[in-house]
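Take a look at these structures.
Two complexes follow with chain A in common, the first pairing it with chain B and the second with chain C.
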Partner chain A sequence: MNIAVVIRQVPDLIEPLEVDAAGTALDLGSASFIVNESDDHALEQAILMKEAGGGTVTVVALDCGDVDNTLYAAAAKGADRIVKIALEGDPPSAQNAAVMLAEAVKPLGADLVLVGVQAHNELEGVLAPLLAAGLGLPYVGVIRGVKAGAEPGTISACKEFPGAVMARLTVKLPAVLGILGADQPPRYVPVSRIRAAMKSTQFEEQAAAAADVEPLVAVRRLAPPAPAARAEMLTGSEVEVAARIAAILAEKGLVK
Partner chain B sequence: MITSESPKGVELLNQLSKSGDGKPPLGCMQCGLCAASCPLGEAMEFPPRKLILQAAAGNLEKLLQSPSLWMCVACYTCSHRCPRDIELTDGLWPALRDQAMQQGFQPPAELQETFENVFKYGNTLGKSPRQRMDWAKDLDVRVLDLSKEPRPVDVLWLVGCYPSYYPRNQVVARAFARILTELGVSWGVLGTKEKAIGECDRMFGEEGLFETLVEENRKLLDPQRFEKLVVLDPHAFRALQNFYPRFGAWYPVEHYTTFLAERLDQLKRLLVKPVETTVTYHDNCCVGRRCGCYDPPRSLLELIPGLKLVEMVRNRDNALCCGGGGGGMWLDAHIVAHGGHRLSDDRVRQAADTGATTLAVSCPYELSRFEDAAKVTGLEGRLVVRDIIELLAESMDLGERSNA
Partner chain C sequence: MSDRDVLVLAEVQRDALADVALELLAAARSIAAATGGEVVALVLSGDGARYTASLGAADRILVVNDPQLAAYAPGPYLAALEEIVAAEAPRAVLIGATSIGWDMAPMLAARLKAPLVTGCTAIRVDGAGLVVTSSFCGGKMMAEVQVAASPAVLMTLPGSFRPSADAGKAQVETRALSKPLEPGEVRFEEFILPEAGDVDITQQDVLVAVGRGIQQKENVELAEELAGALGGAVCASRPVVDQGWLPATRQVGKSGMTVKPKLYLALGISGAPEHQEGMKGSDLIVAVNTDPNAPIFDVAHYGAEVDALELLPALVEAVQARRG
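Right after this comes the complex of A and B.
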């Protein structure tokens, strides 16, 4: 089975995020980037499926947010091909990214396309189903593990519903899956292998397809949440504190 | 001698032994002193003696998959006591772990996260590199950032990950900055550019990560002009002294205990305030057992007026490890899950048995390990854990004034 995996970089939340001078977007110049967590799971799922049943794994990514290190790590984990899409200017919206990625994924003729089900910086729609629409393929999201199907040309995917209800779905290929979690956590690769991959991996670089979807959302103001009233610290003996807690719960109408 | 060796095992052990300091593992006579000395040996499927036996026999698969491969906390007791001088701690264990990872066996999850943090952020705690100087915020002495204002200094102080980021250790970093200033040495730090030295990564077999850190640290250190590097972390001392030179990176380096012990006369005049307490000192494994340096920390403690120093039964080269060495800091859950226990819990009981009310330490890991252990063992309130730097600063009357 030939699997395509879409990987995105997102701002790393260990750094304090800053709003740009216009006050409507993040200042990406001050941000550092890491791989989107559910995309990392999508890659792990693809590598696991390749190890179990053969085939190839092709990683497709937009060239933004220091993506190279993530792509070398993907090669070290076992990705066979890396397609990097050159960008000009700011990172595109999810709508435009879906157009660019669909154009890059189409010629690969993949049986299965895996992409993270979500990213924390998605403002204008979610990439995974937009990509499926762009490819004209069926989509199923919130997938927690995939294996080969009973019939040829199918896979068996585990989908999570609210309330810890799990469904086992048979999906006809080709299809796009939005991955929430792989069958096992993303593997650790020793840095020596990443360093070796840096020397041996050739990215297949290509220009981005034209994408000009009208912005669906206009941001009027972006600001960090302002702290509300400070917490009230309760002091005194256990009995006094307990009485005060009971009184507060009653005042708020939480207990009768 | 080992009699059941296989050609595969012999080749492996010969290859592995090139990375260590001591004699090749094939010289092992299977006396078992290592396994009997290992504080976690009872819980290991393959304690050091069996590790060598299995490796020599070429039974690698079983060995590399065993949880016991990830239970050594680099206390150096086996290496120190081995009558054949076989380098187990620095040689065989890291080499086998490297083999395990190269063959795709996954290290314990807690450790993976630490490796990733060091690779991504240059520190073990997974903190923003930009916040590396937060420890010095509002400090009442000047901290020269040599990465911004390079100039010749007596001492380039590598602050270290825990003292830079971890609140309990930041107190020690601030006190050390005041002591250096009070001593009149010219000193500076690398500011937000500083990176982990990587001892724990090397000891846990992440050779590639360690090599990356050596390269990055050389780029930072080589342009600087300094008389010596001073470190608070005994593990960084060990790595800079023994592992960096293997990559051609030689730096004069001192652990702070020896650096300060060379200035006893000057310090004595500055120790104005009595610290009335009974103290027992925990020898850290890297500066202690591995490097045989036991007297400098004790000479510092004995200099403090009012302070009474008592010894634990297990002291100097017989000291029990805190369990945090060589990456053990991030393996408590793994070790306990596989039948081991936290050595720091044993160690605080030994400290309390002396009647001391203060346990003095000289390693950044030990403060939080022993403070946690004191809580777990019910010794909280009876045994206080303090770095030697804190005791010196108190006697020099250099308190936390800037936050007052």
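Right after this comes the complex of A and C.
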């Protein structure tokens, strides 16, 4: 099975986020980027499927958010081809990214396209179903675990529901899946293997397709939330905080 | 049928109406009150009449019955939703940010070339359009979004609106579609239920919840020790379950369990909206996180900006000392 995986970089939420001067968008110049978590799971799922049944894994990414290191890591994990789409200017909206990615994914003739089900910075569009629409392929998301299907030309995918319940689905290929989690956590690759991949991997670089989808919504204001209520903060060393928490719990009859 | 109306997708999950449906009705009522329109609930099911009794807060309940809708599959579900939305032409379509909603809302918006906003926590009417407050970046940012075009597809975070339990006299209309639904390329096979035998975290009075801040699997033992001292159980946020450090039966949040213990002690959990959805009804929430801006502090009663791993041994000791 030939699988295409879309990978995105997103601002690292561990670092403070800044808003731009207009107050309507993130200031990406001050952000540090990491791979979108569910895209990382999508890659892991693709590699697992290749290991189980053969085929190829092609990673496709827009060149934004310091993506090169993530792409080299993908190669080190087992991706066969890396397609990097050059961008000019600001990162595109999900709608425009879907147009660009669809044009890059189409010629790959992939049986299956895996994309993270969401990115934390998607506000007015969700890439995975938009990409499916652009490719004219069926879509289902919130998938945790995929394997070859019982019938040829199908896969079996588990869609997650509340209460740790899964729906087992049969999906006719080709299709796009929005991955929430892989069958196993994304693998760790040592730095030495990433360095080796940096020497041996050739990105297939291409220009972005023209995309001019006009936004249908306008962000008027962006700001950190003003909490309605904030926790009463306990200060001091770990030992002091522990003593205070234990006292609170005892006061409320929760230490017996 | 009016662009002043608000349509709510009253989702059926495993033979039960999703809780979020009643929240969406409340949100829809506040919009309809400003537009002078109606609140319309839509049930897509193999047997929709079973689910209409709790939807009395709507003005009208539309039911589409079709064998292809008996269990969720995106193809027929989207076809039915698209046809009804096109016929009703409402100002807004409210869909919960659920497993089904994450498929339907973006797919519907793409089909209709309609505006979509994710993570909606508040909605108000602004002239001919809407202004939506939306949570993104894991709850670390809130956006105020202007939506001018109709229908606006609004994916709403569960827990954002007080459920409407109004027992009105909504009219129930069974709608026939223009043609029978086709099965689509994605076929439902079966539900897989969690294995029995693990602790039922929904029944625990005390939960010690661990998140990414626990750093590695071995450290879960420290949390187990604290849970033991408090007579409770350990649960987790999604990243911990994704790593395989705890089973899915211990996951709290949108795709896990909803819990309401007497004590929820959140250790190294940032508190993304998807996690808060499953725990913010707890009686007492104590949160520990090194990030002062972690959204978990917005729902916690007490917080501490310290390292959970450093705190854990000290807290076990302090609790044991209290127990004598």
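For the reader, a short list of remarks on this structure follows.
Here, the second predicted complex is superposed on the first by the 225 of 256 C-alpha atoms of A that agree within 3 Å, B and C clash if a C-alpha of one lies under 4 Å from a C-alpha of the other, contacts with A are read in each partner's own complex, and residues count from 1 in each chain.
As a working rule, a contact is a pair of C-beta atoms (placed from the backbone, for glycine too) under 8 Å apart; a residue touches a chain by one contact, two chains touch by 3 or more.
Please read these numbers as outputs of a predicted model, since none were measured by experiment.
In the superposed model, A:34 makes contact with chain B only, not with chain C.
In the superposition on chain A, A:193 contacts chain B only, with no contact to chain C. By the touch criterion defined above, A:14 lies against chain B and chain C together after alignment on the C-alpha atoms of chain A.
Once chain A of one complex is fitted onto chain A of the other, the partner contacts of A:185 extend to both chain B and chain C. Touching more residues of chain A than its counterpart among chain B and chain C is C.
In the overlay built on the shared chain, the residue A:84 is in contact with neither chain B nor chain C. Looking at the shared chain after the overlay, A:50 reaches neither chain B nor chain C.
Note: residues 14, 16, 185 of chain A belong to the chain B contact set and to the chain C contact set alike, using the contact criterion stated above. If you check the complex, the residues on chain B that touch chain A are 98, 101-102, 104, 106-107, 109, 112, 115-116, 119-121, 126-128, 130, 206-209, 211-212.
Every residue of chain A that touches chain C in the complex is listed here, in rising order: 11, 13-14, 16-17, 19, 26, 37, 41, 117-118, 120-126, 128-130, 132-133, 138-142, 156, 158-172, 175, 178, 180-181, 184-185, 216-235, 237-239, 241-243, 245-250, 252, 254-256.
Against chain A, the residues of chain C that register as touching in their complex are 13-14, 71-75, 98-99, 102-103, 105-107, 109-111, 113-119, 131-132, 134-149, 184-194, 205-206, 230-231, 238-239, 242-244, 247-249, 251, 254-258, 262-263, 265, 270, 272, 284-288, 291, 293, 295, 297-307, 310-311, 314-315, 317-319, 321-323.
Touching chain B in their complex are the following residues of chain A: 14-16, 32, 34, 185, 187-188, 190-195.
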